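Chain nomenclature is as follows: A, B and C, assigned in order of appearance, with residue numbering initiated at 1 for each chain independently.
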Amino acid sequence: MPSIPGSEAYSSDKEKSMAELLKVENLKTQFHTEGGVVKAVDGISYHIDEREIIGLVGESGCGKSVSQLSVMQLISTPGEIVGGEVIFEGQDLLKYKTHGPEMRSVRGAKIAMIFQEPMTSLNPVLTINQQLTEMLELHLGMSKKVARERAIELLGMVGIPSAHNRIDDYPHQFSGGMRQRVMIAMALSCSPKILIADEPTTALDVTTQAQLLELMKDMVERFKASLVIVTHNLGVVARYAQRIYIMYAGRIVEEGTIKDIFGKPRHPYTIGLLKCIPRLDEEEGRKLVPIEGLPPNLINMPPTCAFLPRCSYKVERCFQEPWPPLKRLHDRHYISCYANTEEKTGEPTER
Amino acid sequence: MNPLKDEAILDVRDLKMYFPVTRGLLRRKVADVKAVDGVTFKIRRGETLGLVGESGCGKTTIGRCVLRLYQPTSGSIFFEGEELSSLSESKMRRIRCNMALIFQDPYSSLDPRQSAGSIVGEPLKVHNWVGSQSEYNDRVEQLFRLVGLDSSMTDRFPHEFSGGQRQRIGVARALACEPSLIVCDEPISALDVSIQAQIINLLEELQAGIKGLTYLFIAHDLSVVKHISDRVAVMYLGHIVEITKSRTLYENPLHPYTKSLLSAVPIADPFVEEKRERIILKGEVPTPLNPPSGCSFHPRCFMATPECSQAVPPLRDVGAGHQVACIRV
Amino acid sequence: MVEKHTSDIGFSEAPVRASEWRRFRRVFFERKLVTFGLVVLVLMVIAAAFAPLLTPYDPYELGDAGESLLQPGGEHLLGTDLLGRDTLSRLIYGARTALMVGFISVFISGFIGVPLGIIAGYFGGVINMVIMRAMDAIMCFPMLLLALLLAAVLREYDVISGIWVVIIALSIAIIPGYARVTHGVTLSIKENEYIMAQRAMGSSNMRVMFRHILPNAFPPLIVLVTMQLGALILAEAGLSFLGIGIDPPGAAWGAMVWDGYRYLANNTALWLSPGIAIALVVFAFNMVGDGLRDALDPRLRGLL
């Protein structure tokens, strides 16, 4: 069953002057561990426009998930949000108390999240009905009966066959992909403005992954919501997102539209990532160019750029000055780098 | 280019591996999980055969049957001309010197209480591969250098290494007794994106450097499998549905499952993605406990006809070594 | 650490050598009672080891007339018993008996129970069934009752006598504890891929079981040993209170309580001091065992 590619999404992205929905400014989250302070998120700024799909890409431990949990204020000890602003509908969410009523009216209702692990993110002892209607009754004040109707409708929408028969089932009676569909239905139940999908398909098979991503894309279009895809998979964002943020060691190192990032990547890390992943359509005999070294340990980070030890573009300035701020290249393309990566794009120098 | 290229190092014929499902105190058998249900393939010396499929398709089971960690239900496995499934356990132990396994999880595959050096040297001891302690030390250090680890790290313990380094230790251990076949079971899927390429390149360089080193490369990531393999076998529910050269796989996939699998893998390039056709499959992989009749893919297939549910389609050659199991092609 | 490696690009910022030992110490000494327990145990071991040097009197030497049943204070710090023997000295020698019974029993039963547990867990099937059902059968009897029974039989046929009766009886009684814990741990260790890796490289079963499973089973076993030492000392006291165990004039805490029991009202020190010693030592072993469990159990790692 071939379906239509989402090409209209990016072609129209210039014309629609979209309003900013969420703006994160200089967000910092730290974890206090025995070894020292882990700066998991170290001053990131990003924004999401209305009805936009953005991708947050990085390797494990780069702070992409922590940044999203921080926006939702779901950070618990030993973690702590130490600074920044999260502006949503004119209000700074970080000013709200973590468990206060204001935050609760946002969390789950206006900003909803889908987690990676479909096996553990549903409560095994409650039926799907109990878990789905809870949100509807709580946030939208629906009666039990109305909530149940709505829950069945939602399940049908996310592609659960004969939803009215399955709504009283327990999570273990669903397969992994089906559970993730239930999670999507739950996340959408209060018609959120923003849906955050944290590695939503990593634990699933490729064909199921494709089904779910397609579903999520359709759903956010239908609900007129924005979608944040948090992933390490560059292919997924290339297919679904309109804009991308590349994260490394707790910071955003490059941002831009997908055409900017994949067409003219400018940060050495982004360039490296694109060279080190195998592609289905690559020519035979293509050599992968791995990024040498390891992602940094986030404890006791040097003030200089964290990518410096692995970078093949480094210049003198990188060793002397602190981590470079994001600078604008053109339009919506920003990088955080001192080196001139433009000419060399295509063939990074050998060490 | 390699004179040995045409010799089959591994020849698997009609391999079946059923796991019984038992119930009750008396362990009465109630059903079989047909993890691998009649699989036939060959690997030539020095080549890499990729085995790709979704979870539960039986690819890991095949790898373990080849090393006879599982006793196959039926079928035969010839390794360097010797039939493995009827060998005694002690003879099998000797053969295991020539084949090795690399695991997915670099955390659980190394004994946390052994030093890195003794993990790598373990096969040498098991097979009395070295004569003296100094020979042993030399070999361990040599193996460390071979996989790009500092030989001063031999006395460190696994938890002191990063995931990528741990996987290198796993590779070094596999190489210890100079095996001719290495079964790589999802060797990179637990690693970070930027580290994956390091391990892929390491495996490729080792193969280029060690004459006759053969890989059975098992993974679910089609782009990785295609990159590293000479030929790729696509599996679905215990059957191989298509085997072909990895180049042909992307350019000319024949089996509808292969097509949908390929289309489900996004390419990190929006310019290519814009033009790609997307096949979104219906439903999910059925349980191998009760697979559909006939071609097990037919309930999800966009090309299925009523005949598809009649009989299991055999794997047939459609030219140039391209084999496919579908009656509609 | 991190800076030192940055020159070496391939391995820059490798994980800092984790300080397992430091974490262990921090968790272990976090609770005051655990530290207290450790101090008690160290003192007890020292007392037992250097008993002849520490005791003011010979614990077996009978007192002169008039030295019987002295109250605490004066020359005899904790008074004397009916036969005029110094209570403090007998208390210190009693520590020797208690520790000897405890450690030897733990060693013997561990030597039998741990391999049984590994074998049962590793092979499974019929072997598992036979071994574990046999263990269940032993466990059906209360430990003290089983020891009493064994002691009676062993003594009846004059196989061994005295303290060894208690040691053998208690050893047999606690074998199932080892077998069960080892069995459970083996089952979970067996699932790790490094065990599969060993089999894939052609290791023999013996090698897998005793070179790879056993060392990984040590942490829970150490906790078990510590906890059981307390239970064993309690059981030994119970048995010697009932008159089984060390032959007179040897000193055992349980027997001392029994001796003092007859003078419940007028000579408190006589029964109270061994009683307190038993309680203190059992408590100390349990506390140290608790501390070890918290510090060694990987499931609690990260939470602490």
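Of note:
The working rule: contacts are C-beta pairs under 8 Å (C-beta built on N, C-alpha and C of every residue); 3 or more make two chains touch, one makes a residue touch a chain.
Being a predicted model, the structure only gives us computed values, none of them experimental.
Sorting all chain pairs by how many C-beta pairs they have in contact places A-B at the top.
Centroid distances from subunit B, each centroid being the mean of CA atoms, peak for C.
Distance between chain centres (mean CA atoms), subunit A to subunit C: 53 Å.
A straight line joining the Cα centres of subunit A and subunit B is 32 Å long.
Each chain gets a centre from the mean of its Cα atoms; for subunit B and subunit C, those two points are 48 Å apart. The residues of subunit A that reach two or more other chains are 292, 294-295, listed in rising order.
Among the residues of subunit C, those in touch with two or more other chains are 10-11, 14-15. With touch defined as above, residues shared between interfaces to two or more other chains in subunit B number as follows: 162, 165. Interface residues of subunit B facing subunit C in the complex, by the touch rule stated above, are 67, 69, 92-97, 100-101, 103-105, 108-114, 122-123, 126-127, 148, 150, 156, 159-162, 165, 170, 173, 176-177.
Residue ranges on subunit C touching subunit B, taken from their complex, read 8, 10-11, 14-15, 17-18, 20, 192-194, 196-204, 207, 212, 215-216.
Against subunit A, the residues of subunit B that register as touching in their complex are 54-55, 162, 164-165, 192-198, 200-201, 220-224, 226-228, 246-247, 250, 260-282, 284-285, 302. By the touch rule above, subunit A contacts subunit B in their complex via residues 1-3, 5, 7, 10, 59-60, 175, 177-178, 205-211, 214, 232-236, 238-240, 258-259, 262-263, 272-274, 276-282, 284, 286-292, 294-295.
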